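Take a look at the structures below.
The two complexes that follow have chain A in common; it is paired with chain B in the first and with chain C in the second.
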Partner chain A sequence: MLQTIFYGLTIGGILYIISIGLSLTFGAMGIVNFSHGLIYAIGAYTIYAVMAKMGINFILGAVIAVLVSIPFSYIIEKYVIRRLYGESIDYAIIATYAVLLIGVDAIKWIWGASPLPISDPVGISIQFLTMEMPLYRLIIIGLTLLILIGLSLFFKKTIIGKIIIAGLGDREAVRGLGIRLDKYFAIIFILGSALAALGGVLYSPISTLHPYMGFHILILCFAVVIVGGMGNLRGTAIAAFSLGLVMAITGRIWGPAAEAMVYVVMAFVLMIRPIET
Partner chain B sequence: MLLGKGRDGVILTVENLEVHYGRAKVLHNIAFKMDEGELVTIVGRNGSGKTTLLKTLGGFLKPSAGSILFRGQRIDGLGPENVALKGIRYVFQDKRVFGELTVKENIELAAYPIKENLEKAVQKVLSVYPRLEKFLHSKAKGLSGGERQILLIGRVLIGQPQLLLIDEPTEGLAAKIISEITAILLSMKGQFSMIVVEQNLATVARLADKIHIMKEGVMFKEITDPEMIRQPSQYENDL
Partner chain C sequence: MADTILLAKGVTKRFDGLTAVHNVTYEVKAGETAGIIGPNGAGKSTFFNLLTGFFIPDEGQIFYLGEEITRTPSYERVNRGIVRTFQLVSVFDTMTVLENMMLSRIRQGRDYRSKRRFFFKSVYHPDLVDECLQALDTLGIADKADIKTSDLSYGEKRELEIVIALSLNPKVLLLDEPFAGLSPIEIGHISRVVQQLSGKFAILIVEHKISKLVELVERLCVLNEGTLVCSGTPGKVICDPQVRECYWGKEETA
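Moving on to the complex of A and B:
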């Protein structure tokens, strides 16, 4: 059981890292961003490429993968997201979905459609009480907690963070102070995307790469964002870890139901707390 | 003094202004001039277009026709950030503070884009209302309506404001607080050029140098006679 909880926290941590950008983009700009899934996949495929083809180690590879994602998210922000401000939400869904589809085809074209494995970069397990725990998973949990703390300090202490918090509540009032909010939202968009790429890197050794991996994670992350509340940073963290645990515990009882259970929880939350628009 | 700063002492010239929300035309052919240092009030019933006019002046809405000149330069269509950076400061209707931030951070956000020193900015706000000091580190959502409004009014005074646009500063507040806010606005009168939207005619009578009455999106009447301004009974039926 303890092991199940650890597995749940690992998945929860990764879901958190990926969901944060999605939640901020939705909360701040009212944009449902499907291309987030593509950035996640870019992170995963880049680490694969640099490790398998260039023999670079995992840590350096992770840094490279995150850096590689930045020009992509910059371009997506500048040419797609920025043009969607204030437009109807349907346009955002269609446009960012198109970006994701283009990306999926590009991945198939470059790497082929079959799944690719990445092995556990640490490869050791540690003994904890009665169970074996892969060290890599512990590192993920630790890293997630560091990111959680780092982000909350960022939003509490830096002027950029404060501007975003204010902008999440009242964009007009922030702009009325003479602050170019779009610029700050762009910074946050790129930061959130970089975290999605990192999520892709971290998740790849405990799953497999495939061209549709972005779709798959996106649906789970939407569940996290809906349960946690769009643009609600603390809610996103709590929802991610809770749903990670739901997945791990359900999976232990009956494997095939693990993800379905996430949507059951999401549906339940929507029933008691509908999305405010 | 402030007078004579702009060309012929005029700070704002609005000509033939038309504003739409989608297809609906909400402001029709608005035109007026305002002098430096003047306190202009806009009165009118709910839905007559007061906020729409103020938001257009503040750059939040783009007029479909007409022009807005600030000291001889066009500012219509510049966007709220650029208008704000020219020193035109806005207080929204409904006391919109940043609830998740502290009072001090609310001030910080106003000081930041104009590169004003934060401590100086805080002192400026406290000089308007010293009682805010004990709330500096509390979240602004905990403030009462009156305290929020005073924070917002104090905040537009940071740095070098040129023109203040204030939307319904006394709306929904208790009588005691209304008189406090009226006193604050009176103390600002003459130091700053101000446009104040206000439905409370007793307040209007104490503040205004000039009254514009709006009705269904047009400037229906202008009152400049000080004698008449002091007697709301003379114009309350025009609303």
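Moving on to the complex of A and C:
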């Protein structure tokens, strides 16, 4: 059981890292951003490329993968997202979905459609009481906690953080203060995307790479964002870890139901949560 | 003769077939305190949104200090001196009073954020904190600096919103129903604040109820169903038969 919880926390951590960007984009800009899944896949495929083809080690590869994702998210922000401010949500869904589809085809074209494995970059397990814990998963949990603390300090202490928090509450009022909110949203969009790429890097040794991995994670992360509340940072963290645990525990009882259970929880939360206006 | 500071020329704004503001021409002169009244749904807030850049008019133009600003983004208008408050008080509830204040100062204090450390620049710069406390003190609410804004009364929030607006150095201050939802005591308080500010810069107040404006403004206009119907001194406007017809019945019941 302890091991299941431990696995759940790993998955929850990764879900958290990927969901923050999605949650902020939705909460702050009112945009449902499917292209987030593409950035995640870019992170994963880049680490594969630099490790398998160039023989670079995992840590340096992770840094490269996150850096590689930045020009992509910059372009997506500048040519797609920025044009969607104030448009209806359907446009945002269609436009960012198109970006994701283009990306999936590009991945198939470059790397082919078959799944690619990445081996555990640490390869050591730690003996704890009666169970074996892969050190890699421990590192993921640690890293997630660092990101969690770093982000909460960022949003509490820095000027950009304060502006974003204010913008999450009331966009118009921030503009009424003479602050050019779009610029700050762009910064936060790229930060959130870089975290998605990092999530792709971290998740790839635990699962396998395939062109549709972006779709797959996106649906889980939407569940996290919906359960946690759009644009709610603390809620996103709590929802990510809870749903990670739900997946791990359900998976232990009956494997195929693991992800379905996530949506059951999501539906339940939607049902009991009071409707906000 | 006073100079025109803000001018709307034949502005129209439609929402899916509904014309919220129809061919309105209106000017605000430098240093004057002017008012617009009109029943709910008359288009007052929409007109404000046109002046401040939150909406772009479908027709007509807007000028500020002689320059056309019809399509200038709202944040830039604020930086040039067109500052507003909102009908529903707009302060950031999850933050403290001081933090709310800081957000308004960030824009001016360019040296608070050296480019080098822009990304991680702390909001708690001692100079910035001092400045904000001083600004809060002008309305005697410096002691509330560390209180979460959500714990303030509605009237206190309105005061805070006005302090914030003032710290943006307005050349023209637009107040959208500043008395809505306030108790008579709070209304008196805000009225006095407005009276003290009168003459320092142009003020345009939009109100639903005529009585609150009569003593505050030098010039009053009536907006009804998106059209300006009458304009003049408050005394004259109150007596205008057209105004009585379209407006008076709804007045003073609330």
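Convention: the second predicted complex is superposed on the first by the 273 of 277 C-alpha atoms of A that agree within 3 Å, B and C clash if a C-alpha of one lies under 4 Å from a C-alpha of the other, contacts with A are read in each partner's own complex, and residues count from 1 in each chain.
The working rule: a residue touches a chain if its C-beta (ideal position, glycine included) is under 8 Å from a C-beta of that chain, and two chains touch if they have at least 3 such contacts.
Predicted model only: the values in this text are computed from it and were never measured.
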- Fit or clash between chain C and chain B when superposed on chain A: clash
- Task: Report for A:Lys157: first if it touches chain B alone, second if chain C alone, otherwise both or neither.
- Result: second
- Task: Once the structures are superposed on A, label A:Leu177 by its partner contacts, choosing first (chain B), second (chain C), both or neither.
- Result: both
- Query: Which touches a greater number of chain A residues, chain B or chain C?
  - Reply: C
- Message: Is A:Gly169 touching anything from chain B or chain C once the two structures are fitted on A? First, second, both or neither.
- Response: both
- Task: Using the superposition on A, tell me which residues of chain A are in contact with chain B and, in the other complex, with chain C.
- Result: 159, 162-163, 165-166, 169-170, 172-181
- Residue positions on chain B within touch of chain A in the complex are 58, 60, 79-82, 84-85, 90, 92, 96, 98-101, 105, 108-110, 112-114
- Query: Mind pulling up the chain C residues that touch chain A in the complex?
  - Reply: 52, 54, 73-76, 78-79, 83-86, 90-95, 99, 102-104, 106-107, 112-113, 118-124, 164, 168
- Item | In the complex with chain C, residue positions of chain A that touch it | 154, 157-163, 165-166, 169-170, 172-181, 187
- Message: Can you tell me which positions in chain A touch chain B when the two form their complex?
- Response: 159, 162-163, 165-166, 168-170, 172-181
